[in-house]
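Look for chain A in each of the two complexes below; its partner is chain B in the first and chain C in the second.
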Partner chain A sequence: MSLSEGNYLHIVMPDQISLRRRNFGRFIIWGSAIFLILTVLLQSLDQTNFLTFGFENWRPTLYAYLLWAFCLCLGQVILYGEQGKRRLFILPAVLFVISVVIFPLIFALGIAFSSWNLSSPDGRQFNGLANVYQMWADPFYWNALKNMIYYTLAILVEYVIAFGLALLLNTQIKARKFFRVAFLMPLMLSPVAVSWMIGKSMLEARFGPISRLARELGWENPSFFGSHEMARSVIMMMDAWTFIPLMMIMILAGLQAIPKEMHEAADVDGAPPWKKFWEITFPLMLPVSITAILIRIIFKLKLADIIINVTSGGPGGATDSVTSFIFREYRDRSNVGYGTFLAIFYLIIIVILMTILIKIADKWMKPRY
Partner chain B sequence: MNKQIFHDTAKDLSFKPNWMFNRLIIYGILIIWAFICLFPIYWTITTTFKAAPDVMKGNIIPWWDFTPKWLGLKSLGLSPNTIFVENTVREEFLKRFWNSTIIAFSSSTIAVALGSCTAYGLSRFSYRFGFMRNSDISFFFLSQLILPPVVLALPFLVLYKELALLDTRIGLIALYTLTVLPIVIWIMRDQFGSIPVELEEAALVDGLSLWKAFITIILPIALPGIIAAFIISLVLTWNEYFFAALLTSSHAKTLPVMVASQTGSQGIAWWSMAALSFAAILPLVIIGIILEKFIIKGMAAGAVK
Partner chain C sequence: MKVELYNHIVRNGLTRRTMLKGAASTAALAAMGGAVPALADGHSALRAAIMKIPGVGMGSPGDAEWQKVGEMCLGPVKDRVKPGEFKGVELTFMGLNNQNLHNFLFRGFLKPWEAYTGAKINWIDLAQADYNPRLQQSIATKTVDFDIIEMGAPFEGDTAGQGLLNEMPDWVKDQIDYDDLVGYLQPPVGTWDGKAYRINIDGDCHTFCYRTDYFGSGSITGRANPPKTWQEVNQISKDVVGKTDPLTGLPAHGFLDPLKGWGGFGMYFLTDRAGPYVKHPDDPAFLFDIDTMKPRINNPGWVQAIQDVMDLIKIDGAYPADQINADPGTTGFQQFLAGTGSMLTWWGDIGSNARTNDSSVIGDVVGFSMIPGSDKVYNSKKGAWENNYNEAPNNAYLGWGVYVTNRVEGDSKKRKAAWSAAAHIGGKDISLWTSAYPSGFQPYRNSHFVYDEWEAAGYDRAFIEDYLGSNLDTYNHPNSLNEPRIPGIFQYYSVAEDELAKGFAGQYGSAQETADAIAAAWEKITDSIGRESQIKLYKASMGL
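And then the complex of A and B:
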């Protein structure tokens, strides 16, 4: 994940920035900042009914913030000249991400420790650790977390399939372009459409083609969402169907980057194919494989669309992912406070586990030649 | 090892039939998997044209075991005999389609613009924001990928309510830009990293300014990466359901939300759901077929270092 240092562009530009220009730059940055603070202050006073200005919403604050962000970017160029222009490359994105991630996250922390039901008129009430106790005693949430473990473990199977397909695509075959496009297709489809196409119609118990096939094969009453294990595996399979192309393409790219000489050398030495795979291809592919699996885990942790639309968590929460559970928590009970707490808790678990995983992966990344 | 090198061992003689057998297995697996990938799409297209008895009998091949009818497209108001007649369903559908198009295109464009600049900056200059160096800033951006949407969803719901951005396109565009930005930066950083710095150095010596060199020289070279990033963003934003389901209600509803809300309410009238699903996936299927090269390039970026 690190860029090689020393590959940077080094330029020295003579910058003579006059005092007037500097003052002007400072003025617009601080001026807009003060304007922003004033707006926020006025709006909060208005909100608490201390003073009435008749603001309908917080839009004025948003506009003031945008103005400040713009002035900050402009000010960089005015204040620092060439150096400021360089900052301009990354400053807008940094500001954008901070304002739509960090700020809402802090806000979320506030919500997480309160009882806030959007459909009740009481509004937000701080309730301390009550959400923690509620979560502790909520079997459905722990069940959803447990399901996430199953779903994540399914990635190993997906990886094996994806690796196999990539190996096949990497051999000398005709119509490779056709196969590549065909294999890529599932990734392009909207999960919601897939939920209907596969989950609701092809797997439909009476008329779906897959149920028909199952009956032909001797399964009397095919029901794909009846038992817990079955429903979970069907969801896993549908998700795998959509995302195997992603892993496959990453692995294929890795396979194509392996120098041909390696295999030729092994051929000359008379290595059998399976040995060639285990001793050359697989070790060389380790870094790519780990990247692919990590990215797949990241996507897997967001799994929700298919579950919401096919089973909505049923039967009995067997297919629930954390995301779909919180989605229903909000949809059915408008329970913003508790839902946010569950989400924050999930985020903490994810961050810890991903950090550990990345640390371990970094160790493995060094290919053993 | 005193053996003669060019000596036909039994292994060499059995090579030819072995090779044929291998080919057979390889093509067999490839064709089966292609079938698995394509059958649901085929199923959706054909179901669009099936009447209730065809659905119940499980007919699959048109003109052979059932006669295609315009049922599915008619239900959307898009069949030949309804296309010029006023139709509320069609209007609803077109509105959602248009919403999805605008939101997906704008957020992808913004994400690519912001992401390219950031990736370029990070690959060319060394920054220092407090304790953060370049690699920390890169990590800061890429770590947004880990953030599950559900963490942001509820705070945004409340925030947007206060900002009167609920159920607006702009609100969704901002969020979608955020969700694809890390991916764009990931792809573009890879792309810019492969362009030699000497190019800009030459341009700067010739008197171009920094931004001018970036726009007129570097961006055209990085175009394949930009297209790849744009298309992948497009795919992700077009298909996004979770935020759209929570943050829109009537005005800014996108196509996936419409598809989801129709599921289950149709009974055996599969043709209308099939038509809707098909319409929802069609644009990306076409993009996938035409621009497959770029998508693969984008996804492979960063995988190989």
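And then the complex of A and C:
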């Protein structure tokens, strides 16, 4: 069989679709779309008390959406035959993403520009830009954002440690497999468990073993969460202890992928170890490193559980992260409108920041051979 | 009764011999024809009988005992409901699952009720931390999916205030002996706009716990008695700095203020301090002006309470190390019970744990009294201090109750069923049993304080008088603090905790600045919930 024949077998030719079939396809797609729009319209009118239909919940709209999604998928096959079947590989996933990501985001935007305190008898009220002004004048939020900068910068230190550990585990040391598993253990622990085991128990000022050790070493009244800087640093350390293994394992995988021949060639050329690292290992590891750092930043931006458990953001907001602050707004104060706005604003910052970082990283990703 | 306290009594205070002696004598007295000790009412025989299930010292009761007690206490239900009358009715009950009690206990109590009436109950069990968000979301999204709810009185503003509850029928009041309540649980608690909604099943208050070895002749404080005022409390905290704790040999400390928030609950502890300063006997309000919802948190009385804490923060050694990071759980369980610090305010748990918790070292040196008073009280209406001694103990959280939601409206059979179920678990006799055995609930009726009933059941008289008496003084105090049952009360507490934490960390210039920041935040919350509606609901919650 020739190559062209082989390719020919995989080409889907446009089907011969009859006009009647096309019309039926169009009918079910547009018919279900109109039904969906009508349902949304009627439910909206009912919700805003313009007309009364007695809808108890939004399930009719959900069912209309599911019907439309089904008809849309079926319509593709009816209208385009084999080509339509190809579209079915992606269309359901797109519709699913729209329903669980895009729609909620649109609703969240609506909530973000509302005053919605769950205790208010008036329910949700559109309040324009009031939440923006409130955020602008909210020292707790800006303080939490400032803390996030500190927490994010700590990733550089974590990266250096993770790289060092990965290099160590990549060499021929005794019990290498044991250390690989042992170093991964913190990652397997829930941050909640870490915060209780370390933050609330081992670092407990009076009975914690680390406090006792500190007293033995001459620190009269050890206090790990008493001052701003100390509390923030200890939170950083607990978070780092949990997640350094994640970076380490990614870097280790990268190190193992570097062809041995490159180091052997450098050895033949008489390159010293530092030169080998700086000129071969590090440049080759840049793509992996950037990926590891970006993933770590995403994890870091969600930092909340350790803070909520150990310090509740204190002392005086010194350890508050944006997420832990939003958690308090939501959970303790039922302030859904303002909390949602803060979350959306934070999301926008993250998206912009990550886009810039990825663009910059794109340039760095090209290794310096 | 608290589980720990019961276990302690069983472990340390009561031998099988004394228990049998008590039970046998009670039985003998009963056999002699009504010579049972003076009991609370005509149900004396029944009350004496349920107090023997399983019998003090016979292990912790479980589902079998709960069902048995539920069966024995069905009398008032049978008087009002025919067998099988609620056949086909399904009710949903939302409550807690703390300590495997609460809803689990109710299940046992209600099983015989279900068998007799023919109704079926579906259960929504929630962890304490999930309770508030679940309730708030149900209310806000209009998805109340329960007919009966176990709820604290502070949430009455969120529920009764928004018309979500069903009014208690008169026959229920008769069935549960509605008026048999300690002072602070009497209306307006449990009522809204003059209508009753709550069947009480619990009582709550803060009491003052102190170390007896810090007082008396030769003690490190040099004082004969524990403090009677907050001024004395602060002076003692200053005086013991640099001295050694007589029990642990570690540095001595005075009062343990929690300086870190606790999901809103930490605010109760500043309120303990502020109460005598700000709760004037002639004025029912202490957090807000009733007519305007203007916060009082930044008036001189509250500022004095904040200042008292700040004064101690400034003194090195007045608090244990890392106190800025200590929440009430830490001050109570990790500090006071472990021998750190000499004075504390807390709910009844600390009292019971002091003698029963394995990690407690203070069991033999702990004493209890009402929360201290003050040499002066701020009269908010006159805007001036008055130099009178004032007491204002804090009935923090007001205890658990059972309520019926308005989902039962329009269906008289379902409504009667829901109220019958609620009245059964809040019945007068069954409540004596929950007070006496591990249930998670405290005594709350006047009839619970008939010590003869407890003694007849096998309890040590002196111990039970001490335990019950410490709560009774607070419950019935004429100037006690009963928090406003307005919507979002915990939102106010939560934001106050945040601002206080900043103030205690030195980020505000003074106590007044800290209080002003809280007041500003409270004004915002009031506006976001709706000022006019809050004023109306505040007045309704005060019975005005």
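One rule holds in what follows: the second predicted complex is superposed on the first by the 345 of 369 C-alpha atoms of A that agree within 3 Å, B and C clash if a C-alpha of one lies under 4 Å from a C-alpha of the other, contacts with A are read in each partner's own complex, and residues count from 1 in each chain.
Keep this in mind: a contact is a pair of C-beta atoms (placed from the backbone, for glycine too) under 8 Å apart; a residue touches a chain by one contact, two chains touch by 3 or more.
All figures in this text were calculated on a predicted structure; none of them were measured in a lab.
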First, second, both or neither for A:207, with chain B first and chain C second: both
Chain B versus chain C as contact partner of A:58, first or second or both or neither: first
In the superposition, chain B vs chain C on chain A residues touched: B
First, second, both or neither for A:223, with chain B first and chain C second: second
First, second, both or neither for A:31, with chain B first and chain C second: neither
Partner chain in contact with A:332 - chain B first, chain C second, else both or neither: second
Residues of chain A contacting chain B in one complex and chain C in the other: 118, 206-207, 336
In the complex with chain C, residue positions of chain A that touch it: 115-123, 134, 140, 204-207, 221-226, 228, 231, 311-318, 328, 331-336
Contacting residues of chain A [partner chain B, same complex]: 1-3, 5, 7-9, 11, 56-59, 62, 82, 85-90, 92-94, 96-97, 100-101, 104-105, 107-108, 111, 118, 164-165, 168-169, 171, 173, 177-198, 200-202, 206-207, 209, 212, 241, 246, 249-254, 257, 287-288, 291-292, 298, 301-302, 304-305, 308-309, 322-323, 326-327, 330, 336, 339-340, 343-344, 346-347, 350-351, 354
Touching residues on chain C, where the partner in the complex is chain A: 132-133, 136-137, 139-140, 157-158, 161-162, 259-261, 263-264, 320-322, 324-325, 327, 334-335, 338, 340, 487-488, 490-491, 494-495, 498, 501-502, 504-507, 524-525, 528-530, 533
Touching residues on chain B, where the partner in the complex is chain A: 26-27, 29-30, 33-34, 36-38, 40-41, 43-44, 47, 55-56, 58, 60, 114-115, 117-118, 120-127, 129, 134-135, 137-142, 144-159, 162-164, 174-175, 177-178, 181, 185, 189, 193, 197, 200-201, 204, 209-211, 235, 238-239, 241-242, 245-246, 255-257, 259-260, 263-264, 268, 270, 273-274, 277-278, 280-281, 284-285, 287-289, 292, 295-296, 299-300, 302-305
